[in-house]
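Heads up, the next two complexes both have subunit A, just with different partners, subunit B and then subunit C.
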Partner chain A sequence: MIVLEKIKEKAKELLAENKVEVVLGFTRGTLPGKCTPYFARKVDEVENFVWEEGCNHNLANYLTKLSQKAAIIVKGCDSRSIINLIKENQITREQVYIIGGTCPSTGECPDCQHQEAVIADYKISEGEGAIEDSFQDVLEFEKLSPEARKEYFYKEASKCIRCYACRNACPACYCKECFVEENLPSWVGKTTGIGDNIIFHLTRAMHVAGRCIDCGACVRACPMGVNLSLLNRKMLKDVQEMFKNVSGLSLDTELALNEYKQDDSQKFLIGGE
Partner chain B sequence: MAKYLLTKKDLLIWLKKLQQEYEVLAPVKEKKVYNFGHWDGKSLPDKSYQNTLKPPKDLFFPQHEILLKYKKVKGQRPIIKAADLPEEKRVIFGIRPCDAKSLSLLDKVFLGEEYQDPFYQARRLNTLIISLVCREPKESCFCTQPFSVEGSDIVLFELNDKYLVEPISEKGKNCFPSASYCEADFHIIDKIKEIKINTYEEIASADLTEKLDLIFDSPIWKELQEKCINCGVCSFLCPTCHCFDITDNQQGSKVRNWDSCMFSGFTKQASGHNPRPSGTERLRQRVMHKFKYFPDKYGVVACVGCGRCVEKCPVNLDIRQVLLQIKNGGEKLECRM
Partner chain C sequence: MKKVDKKIVAFLCNWCSYAGADLAGVSRFQYPPHLRIIRVPCSGRVDPLFIFTALKSADGVLVSGCHPGDCHYTSGNLVARRKFALVKGLLEFIGIEDGRVQFDWISAAEGNKFAQTAAKVASEVDNLPQWDRWGEK
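Entry: the complex of A and B
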């Protein structure tokens, strides 16, 4: 049976037996090659689901807003975000039924290690398993001079129009009130000057450090082509090296920055060991 | 109105001449996308140019603008100084008719009877708009008047290797040396009809405004907004969205920044109360403002069909689909490919 048929069959079963009130997936979008998030609440609506190239938005993002018991059709990155949301008490494991698949988009994310769902109540396809991240791009970037690295980040951040699509598309950005909205006093200016833009992006990168799973939703959401994934990937590499931790792989592991150990690496501190 | 036929060379000579007096802005390509920038004095937009990524509104209503500066001196009245008005004379060449029309809509807000914004006004008066009619619309376009001359001082049609030039406004007529060129005959003017246009029915029509009158409390808004992530892509890339926020910065300036009704802070009050607490109210506001409140006040919808919001929405929440669904009570727009 092809993957989509298995998805539909499961979704229909869950809705028909009232095990969930809504199934989150994708349907065909209005532009060629685009798919769009879709919420099926009735059995016959399940027919609108697709599972194909273009199903790339990170659907875990919607779980924090849903009050109903939901099923969600996930690929690798969505499933990893779900693990993090559960670990950070944003959702409960019981609240969500996970239909796990393998990412139908090909070639879009060259560094993806987990195309297959890492957690699922029902698995619809087997992928090729995890691939080790070599962080080749980060290693190359680290060789550049501080000036060259700064130039790169400034160039990317200068394109930003502060629409916050990156933040809003990110499942790790679930704060009820983001620091950019604080205004008594204001934490960061509202201009698109490089100073304000870089503070926004650097703070966001630090805030999702150890929680970002490199799904690329921020880069895909950006209308201006800002690409700061190198920054996120550098955080990922540092967390992996210093804390021997990769987030979003297991419900049994704490997120690196959510716990404290006596022998934690201090290398990230200025002058730290 | 009279139309003149210019060769590519004629056009370049004329633009070069304008460049002596004006800063000429044109669509400039950087990594596959176009935005308005300094014209290099030699190239004209090629077939890859459909429209600019950013709408032209920030050339008149910048995303960030200092309105006035103040200084407190102990024991004295504060010194307040308005910011200098922009004086640069500009030509915007190659703007699409939909975007030119958007300027005429912004004029209603910033140069209307109630309020006149001196900064916007200065820029509008100092800028000559030379629009270039589209040869082929994008998949996301849904304008219904591809030949609209509204907001343009001069309109250009591209015909093979030539350009048909039609001065529209007095300002346009004064800047175009019509005596140097021959008037085009009707055979050539007829060729304009061969320019391809999308065949969208008028999505934002009068019956939509009437319908919106009745559905303020409808559950449809909750359903329509469900996938919206409440970012500001649609409003910031919209040529007609014009909401802003005025704040003080720490250097003693009153500044105006673009704001978006999609943001939670947009309507948040000092008490902490927010009259638009969720995405449902926010999406409703954006649709209502464009297709109900704006027409109620100014007699025309605040959408020109440029399709930027359609193309760039991170979750493909398509405004055309939203409007059709409102109009037809649920019918969805099929992908046309």
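Entry: the complex of A and C
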């Protein structure tokens, strides 16, 4: 397993030379085929790392919670989250050493477009590069009647138990105080009534719009099987079509909702142009 | 039995559309009584959450700000424009009727346009099927 050897070698070097205090990666989980995030702080702990099917958490989520200098082993999605976190001033480029490779765990995300890390200080493998997203799922859903779409969305929202695991797993949701928990004022109802759930889900989708990188961490975290990906991907598609913007690919571009152009579409207006 | 008017929450920016509504008033232009006006400092202040929440107790929402280029804060409405475009698409995507939530730019000098827009939005919301207030009614 040459890639894993490269990871271990690099991690040991970084820890031994005190270049970083911790290396974030994966180790085997308790269930077969599942891996769990692993923080190696000593050289001999590096041996516990794995890089295989099941390594699909988005590790970038932990960077905002660490104050030490860290190295992180990333695939496409976590690397894109890192780019966004740097752009949003949540972490600095200097604070993280990026060991980047191609995702070893595409079984769960067969339609992934960005399997390869887009930013790295050290590359452990060369991948195929990005594929264009066809948004087939979104297009299929748009073909349904408005009534059918509404019914489906209401059904999904009604499953939600408001545990906020989706938010906790999302690297883009780093606010110390989230609108769902604020009480003065109470921005959104705390019940699991359909109305409160719908408002939560629509607002969540808007909060990650232009920033979500479609890693699927929210979907995997949800204990109720809510299809969070539907709204996420609708926003991804609209941002890409309307603003020609795909987030998390480069440090040099702005996030879609942090900028504007004089000739942005006004189709949404009354009598839309 | 007297027909109950539908309720529409209107988020109007302080500098343009709210003054436009005021002008419509002092000019005595008639428009239907559906609107419940909420004055906001800028259309950029209109968090999508406000729109979604308003629909819990109202049948429609109108959001209006200054024309592009006229924003009191230079670019509040231009930033809002991108956000509103996404909100519109999101609501349509989940099967909410096009007329339920509407957006416009109305200046302080456009009292007439304000009255016309209010009438248009009110009649469109009146003609939509009964709103379920996010399934709570």
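Convention: the second predicted complex is superposed on the first by the 264 of 273 C-alpha atoms of A that agree within 3 Å, B and C clash if a C-alpha of one lies under 4 Å from a C-alpha of the other, contacts with A are read in each partner's own complex, and residues count from 1 in each chain.
In this text, a contact is a pair of C-beta atoms (placed from the backbone, for glycine too) under 8 Å apart; a residue touches a chain by one contact, two chains touch by 3 or more.
The structure presented is a predicted model; accordingly, all values stated were derived computationally and were not measured.
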When subunit B and subunit C are modelled together on subunit A, clash or fit: fit
Subunit B versus subunit C as contact partner of A:His57, first or second or both or neither: first
Contacts of A:Pro223 with subunit B and subunit C, given as first, second, both or neither: first
Touched partner set for A:Met206, first subunit B, second subunit C, both or neither: second
Contacts of A:Phe243 with subunit B and subunit C, given as first, second, both or neither: second
Subunit B versus subunit C as contact partner of A:Lys34, first or second or both or neither: first
Vertex subunit A, arms to subunit B and subunit C (CA centres, degrees, nearest 10): 90
Which superposed partner A:Phe153 touches (first subunit B, second subunit C, both, neither): second
Partner chain in contact with A:Ala120 - subunit B first, subunit C second, else both or neither: neither
Subunit B versus subunit C as contact partner of A:Val43, first or second or both or neither: neither
Touched partner set for A:Leu4, first subunit B, second subunit C, both or neither: neither
Minimal inter-chain CA distance - subunit C and subunit B, angstrom: 12
Subunit B/subunit C common contact set on subunit A: 193
Residue ranges of subunit B in contact with subunit A within the complex: 31, 33, 53-54, 63-64, 139-140, 226-227, 229-233, 235-237, 245, 247, 249, 255, 257, 260, 263-265, 310-312, 314-318, 320-321, 333-337
Residues of subunit C defined as touching subunit A within the complex: 48-49, 52-53, 56, 68, 75, 78-79, 81-97, 102-105, 117, 120-121, 133-136
For the subunit A and subunit B complex, residues of the former touching the latter: 28-32, 34-39, 57, 61-62, 161-165, 167-169, 177, 181, 183, 186, 189-193, 220-221, 223-225
Residue ranges of subunit A in contact with subunit C within the complex: 141-142, 145-151, 153-154, 158, 179, 187-188, 193-195, 198-199, 202-203, 205-206, 209-210, 231, 234-235, 238-239, 242-243, 256-257, 260, 262, 264-270
